[in-house]
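Going in written order, the chains are labelled A, B and C, and every chain counts its residues from 1.
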Amino acid sequence: MSTDRFRRCAVFTILTPMKTDSSGGPCAGRTGVLAAKSLACRRGRRLLFRGLNLRLDAGSVTWLRGTNGSGKTSLMRILAGLSAPAQGSITWDGLPLNQGDGAARRGIVYIGHANALKDDLSLLEAVAFLGRLQGVDAASARALTALARLGLSARRDAPVHTLSQGQRRRGALARLALDDAPRTWLLDEPYDALDRDSAMLVSGLIEAHAARGGAVLLTGHQTVTLYGAREFDLEPHRAA
Amino acid sequence: MNLRPNTFAAPSRFYAMAGTLTPWFWAAALLFGLTGLYVGFAIAPTDFQQGDAYRIIFIHVPAAWMSMLIYLVLAFWAAWGWMLNARMASMYARALAPTGALFTFIALWTGALWGKPTWGTWWVWDARLTSEFILLLMYLGYIALTEAIDDPRRAANAGALLALVGVVNIPIIYFSVRWWNTLHQGATISMTAAPKMVSTMLTAMLLMTFCFWSYSFAVVFTRARAIVLEQESDNEWVKGLER
Amino acid sequence: MIGLLLAVTRRDLLMARRRRMEALLPLGFFVVAAGLFPIGVGPESQTLRQIAPGVLWVCALLAAMLSVTQMFASDHHDGSLEQMVLAPQPLVVVVAGKVLAHWLTSGIPLVLTAPLIGVLFDMRAQSIVTLTLTLLLGTPILSLLGAVGAALTLGLRSGAALMFLLVLPLTVPALIFGTGAVGAVDAGLSAQAHMSLLGALLILTLLGAPLAAAAALRISLD
């Protein structure tokens, strides 16, 4: 680890209250590497893009840029493993995404446009269930702390359908604060409907995650600055 | 896009191959059909018990055989297309379905036509006819599902899963329907009470089976070519054909 | 894995409890539909007793199919289904949890209401007991097969009607063995064979349907 990263890591360790996860200290471990090779995506009969190569290294934060309809969401879904690509392959630490012992499934968190929060459950129940799905232990307790970090403690027992769009988005993102294991986050429009303070909270989460050895790929049209973020433009890969 | 070094696998090559073979299949169907009908209606003897009305089985039985065979072939190609991501296989499966449904319908209809003069009733809940009816429902389900889904890949894969589920269930359904039929056996009405097969009758049935088989190839190839044109319309080689 | 299965079931039950009216609609349909037959066919006891097993089974079948279309719809709509597919745990576990919740909310009420309807059809006590037992074995089969149908038709406009067409032919064996059992008891014979076959069908469906439904969900979300 470079001294710069180490310094940032140490700063974050002091400033943010972190629980050590089972893999050791908060700075130990790094996420597996999600990589795409010669990827092509088809929507219906149209080819959206082809020949796309992408690699999400540990510690990287990447903005996925592209115009509306260029295939950003489709690319995210393919990287997450929801969709099969028309051509090319996705690998996790060199192995195909579907094979292996499920390390890819444990190592990738995908948060799409939809919040995945059930209207009839309370915010705490909904986030705890998502934690359960993700495989974290003591999901309810962790959900409590996660909601606190996102500033939603006051609304934790409110049914989801009574919350505002911004609160629901923050609730959906609370999954990212359930534990501190470095993973690969695929976030589709995470800043959607968030006000400035909430956006800063989320940016803090993302930067801290990258400092811990995680990787983040996100889309968004808002002008948000993230420390050390690089850009990946979809335009050059678009099919005619 | 060539996935396999196989003439069949590439849509463009299938299109060409099917185009050359189809006329031959039509010719074969015509030949077998005329011969089969001649043997069945002119040469085979009148049945002792059922008179001339029994001759409908020369269409009924081959149609029933084809309906079952086509379902198996459909399930095979659909599964192939799903597992190996082979578009041509999926397109071929979709082309098979309407023909299979047609033969099922013919089998049911000719079954009714046989029942009326022989036993005085248009429909009989015989085990085989009932199973044939359920098979028709399964064909219709496959067609409805693949037509209802817009995305070609999802439609093909969903159809494949449905067809596989159907193939697994058909023996179970047939067994249960046979069981049900023997329980409710009132009169001894049964399609299994077919006349004893004289060799000319068998010949006629075999000829008609070949006729239906050739007809199936001709029609399915034609339909598959149309599906290929529709689904591959963005490709270079299709645009080349239009010129 | 059992933990996740129960968590999914608990979640679905919790949501059903908060929308209690909607959860009981299929039961209402069952009662109304079954109740229409005496009116349509005539109140003659002998006839009613004869058609009762068939009528009750078919109405239970239709009622189960009505509610199963919603099994994955809500989760699909708000994005929860994608998260379930992406979870590290096998998808069959989640599917099994949802099927269990569906059976508890719509199958069990049908089983418990059937004896009452049986009385309306003037069935003998022994027949009612047999019918209830067959429904106890049969309603899980309906929930399982319905799950496959719901997964295949996820998000389609013609969803419900299409699902009926796809799933009903597959339910024919259960219908035959279920009604056959009651028929045997009515005729004074043993229903042993029918019940064994129904049980075997349940086991087969338990093994196969969740896998098929999980595969169908992956296809539908592709």
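Assume contacts are C-beta pairs under 8 Å (C-beta built on N, C-alpha and C of every residue); 3 or more make two chains touch, one makes a residue touch a chain.
Here the structure is a predicted model, which is why all the values come from computation and not from measurement.
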item: Greatest separation from subunit C - chain, by CA centre; value: A
item: Result of counting contacting C-beta pairs for A-C and A-B, higher pair; value: A-C
item: Chain nearest the overall C-alpha centroid of the shown protein atoms; value: C
item: Intercentroid distance (Cα basis), subunit C paired with subunit B, Å; value: 32
item: Separation of subunit A from subunit B, taking each centre as the mean of its C-alpha atoms, in whole Å; value: 50
item: Centroid distance [mean C-alpha coordinates] between subunit C and subunit A, Å; value: 38
item: Contacts with two or more other chains, residues of subunit A listed in rising order; value: 84
item: Interface hub residues of subunit C, defined as touching at least two other chains; value: 222
item: Multi-partner residues of subunit B (each touching 2 or more other chains); value: 151, 153
item: Subunit A-touching residues of subunit C, taken from the complex the two chains share; value: 4, 7, 11, 14-15, 18-19, 74, 78-80, 82-89, 94, 221-222
item: Complex contacts: residues of subunit B adjacent to subunit C; value: 134, 137-138, 140-141, 144-145, 148-149, 151, 153-154, 157-158, 161-162, 165-166, 168-169, 172-173, 175-177, 179-180, 183
item: Residues on subunit B engaged by subunit A in the complex (per definition of touch); value: 1, 85, 150-153, 231, 233-234
item: Subunit B contact footprint on subunit A (complex, rising order); value: 42, 44-47, 84, 87
item: Residues on subunit C engaged by subunit B in the complex (per definition of touch); value: 148, 152-153, 156-158, 162, 165-166, 168-170, 172-173, 176-177, 180, 183, 197, 201, 204, 208, 212, 215-216, 219-220, 222
